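Structure, as structure tokens:
Here the chain labels run A, B, C and D in written order, and each chain numbers its own residues starting at 1.
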Amino acid sequence: MDKIISKEEVSSIFKDGMTIMAGGFMGVGTPQGLVSAMLEAEVKDITLIVNDTAFIESGVGPLISNGRVKKVIASHIGTNPETGRQMIAGELDVELVPQGTLAERVRAGGSGLGGVLTPTGVGTVVEEGKEKITVDGREFLLEKPLRAEVALLKAYKADKAGNLIYHRSARNFNPLMALAADLVIVQVEQVVEIGEIDPDEVMTPGILVDKIFVQGGCC
Amino acid sequence: MVSTQLNSKQIIAARVAKEMKDGDVVNLGIGLPTMVPSFLPPNVNVILQSENGYIGLGPLDGEVDPDLVNAGGQPASILPGGAFFDSLFSFELIRGGHVDVTVLGGLEVDAEGNLANWMVPGKMIPGMGGAMDLVTGAKKVIVAMEHTAKNGSSKILEECRLPLTGKGVVDLIVTELAVFRVTDEGLVLEELQDGIDLKTVEEKTEASFKISQAILEN
Amino acid sequence: MDKIISKEEVSSIFKDGMTIMAGGFMGVGTPQGLVSAMLEAEVKDITLIVNDTAFIESGVGPLISNGRVKKVIASHIGTNPETGRQMIAGELDVELVPQGTLAERVRAGGSGLGGVLTPTGVGTVVEEGKEKITVDGREFLLEKPLRAEVALLKAYKADKAGNLIYHRSARNFNPLMALAADLVIVQVEQVVEIGEIDPDEVMTPGILVDKIFVQGGCC
Amino acid sequence: MVSTQLNSKQIIAARVAKEMKDGDVVNLGIGLPTMVPSFLPPNVNVILQSENGYIGLGPLDGEVDPDLVNAGGQPASILPGGAFFDSLFSFELIRGGHVDVTVLGGLEVDAEGNLANWMVPGKMIPGMGGAMDLVTGAKKVIVAMEHTAKNGSSKILEECRLPLTGKGVVDLIVTELAVFRVTDEGLVLEELQDGIDLKTVEEKTEASFKISQAILEN
């Protein structure tokens, strides 16, 4: 059950047309090495589920700039002008989702729920095409679960069982995406032996993590 | 404090600061709202929530940690007593009413408390980020904006024309000219900023509004 | 903003007819000192939201045995025969909720969602009286949010701002209940100064905690 | 291993153990299911999930920690590589399909994979605890139970009579007499336990079932 994987092995995982989730908030907490491995895989028509498309040359931005992405589901695309340009040019399909709703949809996908009943977006364009459910006289949008074939996470530290600890504001979407994909790959700064992480301090249990890529090589 | 002439944004931020109570949990939008803390009196400490995953947002205090940024992606710090969490929990706090006050900019606000501040059709659309959740979930929503657009037209309308960020969500509007409260019976002009007369506000405000007893008696 | 409170002050909080949530799983992670303070308050007609009713003489059990509770919402009552006896005698209203659904309902109450769409309980008596929502061809129960006037938590450690760390399997329902009540009181084994808990290790942020009761007296 | 006579429960647990793959995440119900790990071959290590909030459940290893119990409330330990979490996350794992196998006892199972194991009308009702979530969410649901009730009546029915724990959720039924798989076309008798003949199983099973090719050829 060795979970540690090389960059070449990461690259070989990606296929055209895949749906990929990646952690990060404006690039902070984005696994840059995994994004780079994905770029090297030369895949296309990717559907990308991310909080934002970061910047042209960092975060998940290079996947957009290099034309690998067919559709983005995100809460914010404003810091990467290439996302906006491709969207207006009709090259890229963009689904904008309020950030809290995006988090809930990923959670629903990872935790077996049928959807989310949120007040966010009621009375705005966000409600278009969505079912509205009234509970005790108040309207909520039914927002559907999101899942991916692969989730790309960034953590600070892992043990060899895949138990993860995140660092500061680099945590963001990573812990929730760990539940919502068929294959979960994490990029970490360091790997320690099993038993070296206090079970009370684990932020994502190792059973959710399939592969560990160590930044700058391992062990 | 040396008395100096404040510009429009400072006038707005200073007035918004008066809405804060000691211990309030506050989420500030990007831009003007981030100026609010510098106008808080010394006995009022607020706790800033950063939507990207923590309580206790502080200014950058020297060392840049690439893993620690504010909601605008800028290097920041966390104050003693702060706590990190994931995006899910961050929006549980926001949507669940655990944020006392949010202060956001506005493109348009109307008499029903509708707010439009996230997109202009035909222009580049940045996305709503966390704004829709914030205006839906925060206990008190303050719009802090200049009274008129660059072309001089009123940003306080009878009815918003731009796509909404939230419907019926705004509690208070603070501009460099005036303060309006949104009530069940529409807008109420609560205060005139220093040196501003009622006529100026009436001329620059498209929406109809009632005038508070305090102003009428003045 | 001193959050530290005495047992007498805790007692004074409770009123007849209140809805109270308490953490714990068969008494583990239940704030026994707060339960005792509640008993001393001599209140009645309480609605209790708990995972289980523990034992006759421990956990939240004594509240049942002493006849303080009008209604229990729980996933399990089997370890406390007094709960079953009062239920059969018609003295106590018991609403049984699957454990995962109970957790989700508390979370929905604490996080502003309109309800939960869960597959759990479909086709069983649990679905009686509930709306069923079909999402992409699959049926889910709409389970409603739960909130309380007071939540009673147990944590291992708090700082004076109320940031909490739980210990091992005593965590259970405590972190979710911290969001779902108007007033949140925590019983802790120790209190440390602000700044002594690493912000990455906080499990419940202090802004959610109103009052801290220190087991065996404070400071 | 010294060959010894196994009792009914041991026969069931030993057969269930054969369903486990190395690395499986497993949740075991109270009672008989907890006997399964002792029958695992040395090259098969499973990871036990405890619904009250952790991965890596282990047997009590000496020191009792009042903050560390299993789902039955009994003192337990956590193995290296384990992790604690709250009840919400525990059931995210369970409902979200992150538990590979759950093993539960049963009062009744039927040909459509319905399971009844949480209440008997007119008797004291303990509550469903986590059982309904487990049978709904686990990838594979194994019912491990004695073939007949104390009065000798079949527990494998055409249709359950008791209130259900889950509808169409059971994958495999393991008794001291036989192993049945639940398929879209109803029950299939997959295996006879050692020394049990088909006639015995037919006599003691109320539900109709198909017989697997393997048994027919034997």
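Everything below uses one rule, namely that a contact is a pair of C-beta atoms (placed from the backbone, for glycine too) under 8 Å apart; a residue touches a chain by one contact, two chains touch by 3 or more.
Keep in mind it's a predicted model, so treat the numbers as computed, not measured.
Novice: Please state, in steps, how far subunit C lies from subunit A along the shortest route of touching chains.
Specialist: Between subunit A and subunit C, the shortest chain-hopping route counts 1.
Novice: Measuring centre to centre with CA averages, how many angstrom lie between subunit B and subunit D?
Specialist: 56
Novice: I'd like to verify one number: the distance from the centre of subunit A to the centre of subunit B, where each centre is the average of its C-alpha atoms, in whole angstrom.
Specialist: That gives a centre separation of 30 Å.
Novice: From the mean C-alpha coordinate of subunit A to that of subunit D, what's the distance rounded to whole Å?
Specialist: About 35 Å, centre to centre.
Novice: Give the residues of subunit A touching no fewer than two other chains, as numbers and ranges.
Specialist: 104, 107, 112-113, 118-119, 166-168, 199-200
Novice: So which bits of subunit B are touching at least two other chains?
Specialist: Subunit B, residues with two or more chain partners: 54, 78, 84-85, 91, 95, 136-137.
Novice: Give the pairs of chains that touch; include all such pairs.
Specialist: Going through each pair of chains, those in contact are A-B, A-C, A-D, B-C, C-D.
Novice: Which part of subunit A faces subunit D closely enough to touch in the complex?
Specialist: The contact residues of subunit A facing subunit D are 1, 107, 110-113, 159, 161, 163, 179, 194-195, 199-200, 202, 205-208.
Novice: Which residues, counting only subunit A, touch subunit B once they are in their complex?
Specialist: Within the complex, subunit A touches subunit B at residues 25-29, 51-52, 74-79, 81, 84, 87-88, 96, 98-101, 103-104, 106-107, 118-126, 156, 166-176.
Novice: Give the list of subunit D residues in touch with subunit A in this complex.
Specialist: 22-23, 25, 47, 49, 54-56, 78, 80-85, 91-93, 95-98, 136-137
Novice: Contact residues on subunit B for subunit A in the complex?
Specialist: 50-54, 65-69, 73, 76, 78, 84-88, 90-91, 94-95, 114, 124-133, 136-137, 163-168
Novice: Would you mind writing out the residues of subunit A in touch with subunit C in their complex?
Specialist: Contact set of subunit A toward subunit C: 104, 108, 112-119, 133, 135-136, 138, 140, 142, 144, 165-168, 199-201.
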